[in-house]
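Please find one structure pasted underneath; my questions will follow.
As written, the chains take the letters A, B, C and D, and residue 1 is the first residue of each chain.
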Amino acid sequence: MGFEPRIVGFLCNWCSYTGADLAGTSRVPYAPSIRVIRVMCSARVDPTFVLRCLSEGADGVLVCGCHPGDCHYSEGNYKALRRMALLKRLVRDFGIEEERVRLEWVSASEGKRFADVVDDMTRKIRELGPSKVRAALAADRAER
Amino acid sequence: MGECRIGVYICNCGTNIAKVVDCDAVARAAQALSGVVVARSYKYTCSTPGQETIVKDIRELGLDRVVVAACSPRMHEPTFRRALQTAGINPYFLEMANIREQCSWVHSDPRAATEKAVDLMRAAVRRVVWHEPLEKRYVDMCHTTLVLGGGIAGLTAALELAEADKPVVLVEKQDHLGGNVARVDLTAPYLDSARDMLRDRVEQVRKHPMIQVLLESELEALEGYVGNFKAHIRTKEGPFDTPAGAVVVCTGYQEFDASRIEHYGYGRLPNVITSFELEQMLRQGRVLTREGKPPRCVALIHCVGSRSPEYHPYCSRVCCMTALKYGHEIKSNLPRCYVYDLYIDMHAFGKGCEDFYRRTSEMKTMFLMYEKGDLPRIEPAGDGDGCGMLIRIHEKLSGEEIEVPADLVVLMVGMEPREDAARVARLVNISQDKDGWFIESHPKLDPVATTTEGIFIAGACQAPKGIPGSVAQAQAASARILAKLAHEKIEVDAVFAEVNDDLCSGCRICNELCPYTAIEYDTARKRSHVISAMCKACGCCVAACPSGAIKGRHFTDRQITAQIEGVLEWASSQG
Amino acid sequence: MAGKKLQIALYWGSACGGCDVAVLDTDEFILEVAALADIRLWPIAADGKYADVEAMADGELDLTLFNGAVRNSENEHIAKLLRRKSKLLVAFGSCAHMGGIPGLANQVTREEIFERAYLNNPSIEAGNVTIPSPRTRVNGRELVIPQLYRRVYKLDDVVPVDYYVPGCPPAPDQVKTVIQAIAAGALPQKGSVVGASERAVCDDCARIKKEKKVKRFFRPWEIRQDPELCLLEQGILCAGSVTRSGCGVRCPNSGMPCRGCYGPGPNVRDQGAKLLSAVASIVDSRDPEEIDRILDGIPDFMNYAYRFGLPASLLQRRFR
Amino acid sequence: MARTITIDPITRLEGHGKIEIFLDDAGGVEDCYFQIPELRGFERFVVGRPIEELPRIVTRICGVCPASHHMAGAKAVDGCFGGQIAPLAVKLRDMYYQAHYIHSHIAHFYALAAPDFICGPDADPSVRNILGVVAKVGLEIGGEVIRARSKAQRIQQILGGKTTHLVWCIPGGVSKGLKREELDEIRPLCDQLFEFTQFSLGLFKKVILENPEYVEMILKGPYTLDVQNMGLVDENNAPNFYDGTVRVVDFEGRELYRYRPAEYMDFVAEHVEPWTYLKFPYLKKRGWKGFVEGIDSSLYCATPLSRLNVADRMATPAAQEAFQEMFSTLGGKPCKALMAQHWARLVEMVQNAETLQKYCADPGITGDEFRVIPDRITGEGIGIVEAMRGTLTHHYTCDKKGICTSANLIVGTTNNNAPIHMVTKKAARSLIRPGVEPTSGILNRIEMAFRAFDPCFSCATHSLPGQMPLEVRIHKGGEVRWIFKRP
């Protein structure tokens, strides 16, 4: 079979992770590309985690939080929003397509939406193809 | 850290997981990981025998870490933590991999699903190695409770607590107690007097030695955390500070402003009034038109401002029964007066209400049903009409265009959050939903607590509700507080952020970030530190700290990094 | 130091010589060094040759201070040689520690640099097509120059390193303490950074820190700054909070923001990611458009994030 | 039997270098190459950076003369902002630069060059270094030298906040001014440094001029070249290090060219050889003629000696005296004896010290107007300063947002690449005799040839190439001499 992207998802415990669970309980299927890591709030997602994922060979990184205004911690998602805005610029500077890094709002009741987000991101990354990071670093090492 | 002894349990959840995920293969993969002593695939890990297996393994194989790959941790994490505790190891040495809700239930290809389950299990194993034993901690509790609002909910809460010999400070904005209930004549469905009901409650509160009532007063600021709040209150005598262990917010609601609906001409047509204006007439015992004549026909229009997309989408819950009540009261005041009741749906749930509805209709109140969004039109009547106004309505049941005569039109205005609700929410650090009502910590299982430890909500500030609901919530909140006060100290969660003082440089990046103002800056030492009892462990400051000096317990950088490496081991091995 | 003198070497890889000047800047202390050590190799100031090093027994050198990044086959070859000959190998200065300024080259390809240097350049000889090459035959003789790598590496990418001395260049006092520590054999656990603080520059920076909320970022020339107040709070991007102290706060004290030459603190893996997180956290807006406008005030964020440590970052270089 | 002698690395200079000497069957020198094995990437990787950051980045081209690159860069950046600059800032930068010269000249004269004279060219390599010098001249003088250099560093520290890799210059001026109490600390240091320059001149006369062998070596020996001279001069044709116009004079003293920084591209071009990473600048109007000496050679030196050769006078009295004494002793101006570089360096130091004293006496120097805030970005700037090791040119362009779009650098030592290559070969030819096994002393004398230039190959190797998968043809005199492909 073709290229199956590897996407790491950071989901906030209160909205998005619950939303993802809801997709399960309501049996909404989606691509098996995503690997979810639970955090209490999208504001916990240190940009280091995202860069770490990319350097470890992830084809994409998805960060999900509560919708603006609904944050369990009142403003955490806005902080995530600011960081992701700058992070996308940095990722671009690294020569990596910024579509590989994505921030989405998914509420506890949006199981279907979570599934759609994962499928859409998986499709886009399939078009982009595998991340070049690991191959390029290996080629550098091979030169020495 | 390599010296862990890990047990891995792959739950089949009957066939819920096993029908897609090859659980034995996942167990085999687990067995191959360093540190894993035992890996079992089991039918129902959450069942008693399932848990016993874990306990037994911990005891006999000397496990010090446990990974359960099963349903969502939101489901059974507490269950398995208890199991670890039973076996005598710290409950936080558990990590779960969600291979049901987020795997077997959403993927159909067994190969891909199994591969994913292995990744998630591996990540959990890598993570659990870095878990640290966490202990619950306790802080002293101040026994005074601050009650905001002197309506029926506030009065009830205050009395409940005072009766248990706990001091209460009751803050009321107006110059009298009683809130909105004080504006009501009789109550539905039993038609007993709200006034009598309130009078002795207010008396008791006024006289109670344990209750300090502050009228014409407002909360200015609230510092501290559960058990140790400090409230700054503005009274007409000047500022007043009090410590408090807990806060009950009973700030109630305000009525919808009928003039916002041009269509009904409230404020333009003299004899279009609101339900509260009618209450006033009823309490004074005479229902009259502006011209001072007793009306011959009265029309009650439901859902004014409620259940409409452009105003409030929600049902205000009490108006239907209140309208029926008016039917009764008007008839008993003016036996010959006709009452027309124009409604969308008649919501008559609740004890005695359906019966009340039946009795009212027998009293010749005429019920006319209109379509949501197709509002009745009020027009001044012509001379020959023999009435003040004519109301046009598409009657839904008959399907006919009907003209209703009316000398008095009563708009059943709904409830809405008080305009100062946002300010209150900010002061006590709780959230509002999209309509502006305060959010409870769980809609079903924890309806009076909030996401801020020690702050409770009761009455109509949480959502539209009648007197019984408000009283019940007030009593529930009091019970919750009394339960806390039963212990000298209160428990605070073991999961919170802490600053490593040896690494903090006092850059103050984190200071502004904390939604709970749990981060304090020591100007003299130029260091920041977290007041753990106030911390809710969102981890925002942990991610922001440029020195990596802030550690988010149970969500440490090391733990999450191990998880990342775990899920991507496959990818990275592809080079 | 009882009896035997220390045998030491100072060497530079892809470097500027500033680290060697930092050693000279210890002034009279250099004489003390002479008293307790034989300097067996120090190209900038002494006449040891590679052949002399080859001739040494393995581990004959007690200490090598290696500055400079690894940019070509010669740098790597000598690094391995000195590693073999030295009991202790110290990555000395930002380049050896993290790749340093030369590491910025990891944003472009060899070919682009090459093209700029020799072919498409305003002062190059008209019509030039010549490009230097590792092996050239001239009149039947072969001339060899090292092969340049595609990218820059930090020292511990090619050999195991015992200690790190950060800084561009390391502050002279710090050079003293390090050499004294080594002479006294009073060294911390291997792999650690020596001669620098565990805290960030902010800890030693005298500027007042109040409230960190930024509505607009300024480039240093755009604003007349308040000399008393934290630069970041004035909207001037400063890496002090993500950078180890030990430099003496040289840049902020001379009115310029820190660019991070001492590298991240002990608990931080990726200096740029942390700078990003800190800076984005204090952006004072909830509106995506406004946030973007505010961030436009920091063009080319990568060059602030990894001014001295691109090769040491998680992603190490630009990809395309 | 034909063989090769390799001196690797060449030492007591800044940066990497290697000398390949090919011997013929008789053991005589058939050919000799001076090779630079490394390059870095500045011209390319500064593109895309905010233009005001460049002065802080290019300092890392060289840690021995960071201020030269910082200042040249700062001037180029000022150009990109339409040349707006606070007059006081120009004074302060110039003041800083004098102290920087003194630090560098002391470091070279005492730490890099002196071992050859004070310890002797044939001394044991292990003592042929600054420590050997201190051992020879004694701790007292040694300490004096070290303290003098540290005084020069201290002055920079006070003025710019940082010595190596300063961060002080920003568009429109400098980031901090000079406080009165700071000036009070600097003043005595400048006077002491002036004293030290006089002491150094004395030492030079004593150790070198009173040693016939050295005088012989300086005036005759293999260390002379018939190439032209380049240097920066003020309106009176006195040397100016921070500012001025570039003057080119041939080795018979005739002025060939005089150009403003903005015109550099009309007067200088760079030639490339495949066997070294370092380019070979030449006088563009004359065209590349190969490695040849002579009155119509297109090659030139840009060194302390060249600077004095192109100058008619020094800018300050004591320096003027030393200037006259030097040329009369060396038999007139211009002088081609490369070893006289070391003397020229000391003469320059005198002017540096006197200039510092001049600024200390300037009442305006402690003013507050050390910065203007630029109000426009014009997009192109060329900055030239006289680095200790030769004329240094930085040329930048940027876009409307002030993001660098291109950079070109012609660095001090690079100017001297061809002369160094030639004089090294000359020295090898004359010092290595058939049948006589060259000693380390002989080889060191060959190194002394380039050492006279105080070359800085850290500087010169600012640009960093890699392998290109292309076919390279080397043309000489129109016909293809050889072709080769990369493996």
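As a working rule, a contact is a pair of C-beta atoms (placed from the backbone, for glycine too) under 8 Å apart; a residue touches a chain by one contact, two chains touch by 3 or more.
Since the structure is predicted, the reported quantities are computational estimates derived from the model, not experimental observations.
> Return the chain pair with more inter-chain C-beta contacts, choosing between C-D and A-C.
Ranking C-D and A-C by C-beta contacts puts C-D first.
> If you average the Cα atoms of subunit A and of subunit D to get two centres, how far apart are those centres in Å?
Once rounded, the distance between the two centres reads 53 Å.
> Please tell me the distance, in whole Å, between the geometric centres of subunit C and subunit D computed from their C-alpha atoms.
Spacing between the chain centres: roughly 24 Å.
> Can you compute the centre-to-centre distance for subunit A and subunit C, using the mean CA position of each chain? Integer Å is fine.
33
> Averaged over CA atoms, how far is the centre of subunit B from the centre of subunit C? Could you give it in whole Å?
It comes to 54 Å between the two C-alpha centres.
> Mind pulling the subunit A residues that touch 2 or more other chains?
Residue numbers touching two or more other chains: 46-48, 52, 75, 79, 83.
> Could you tell me which residues belong to subunit C and also touch two or more other chains?
107, 149-150, 268-269, 274, 277, 281, 300
> Check each residue of subunit D and list the ones that touch at least two other chains.
none
> Which pairs of chains touch each other?
Chains touch in the following pairs: A-B, A-C, B-C, C-D.
> Contact residues on subunit D for subunit C in the complex?
It is residues 4, 7-9, 11-16, 18, 20, 22, 31, 33, 35-41, 43-50, 52-53, 56-57, 59-64, 66, 81, 107, 111-112, 125-126, 128-131, 134, 139, 142-143, 146-147, 149-150, 153, 160-168, 170-172, 175-176, 264-265, 268-277, 279, 281, 288, 371, 373-374, 395, 401-403, 408, 410, 444, 456, 458, 463-468, 470, 472-474, 482, 484, 486 of subunit D that touch subunit C.
> Could you pull out which subunit B residues touch subunit A in their complex?
By the definition above, subunit B touches subunit A via 72-74, 98, 100-103, 105-109, 112-113, 115-116, 119-120, 123, 429, 431, 434, 451, 513, 515, 536-540, 542-544, 552, 555, 557, 560-561, 563-565, 567-568, 570-572, 574-575.
> Help me check something: in the complex, which residues belonging to subunit C touch subunit A?
Those residues of subunit C that touch subunit A are 73, 76, 107, 149-151, 158, 268-270, 272-274, 276-277, 279-281, 283, 285-286, 288, 291-292, 295, 298, 300-302, 305, 313-320.
> Show which residues of subunit B lie in contact with subunit C when the two form their complex.
Residue list for subunit B touching subunit C: 500, 502-509, 511-513, 526, 540, 543-549, 557.
> Give every residue of subunit C touching subunit D within the complex, in rising order.
Residues 12, 14-22, 24-25, 27-28, 30-31, 34, 38-39, 42-51, 71-72, 74-75, 100-102, 104-105, 107-118, 121-126, 128-134, 136-139, 141, 143, 145-150, 168-169, 219-224, 250-251, 253-256, 259, 299-300, 303, 307.
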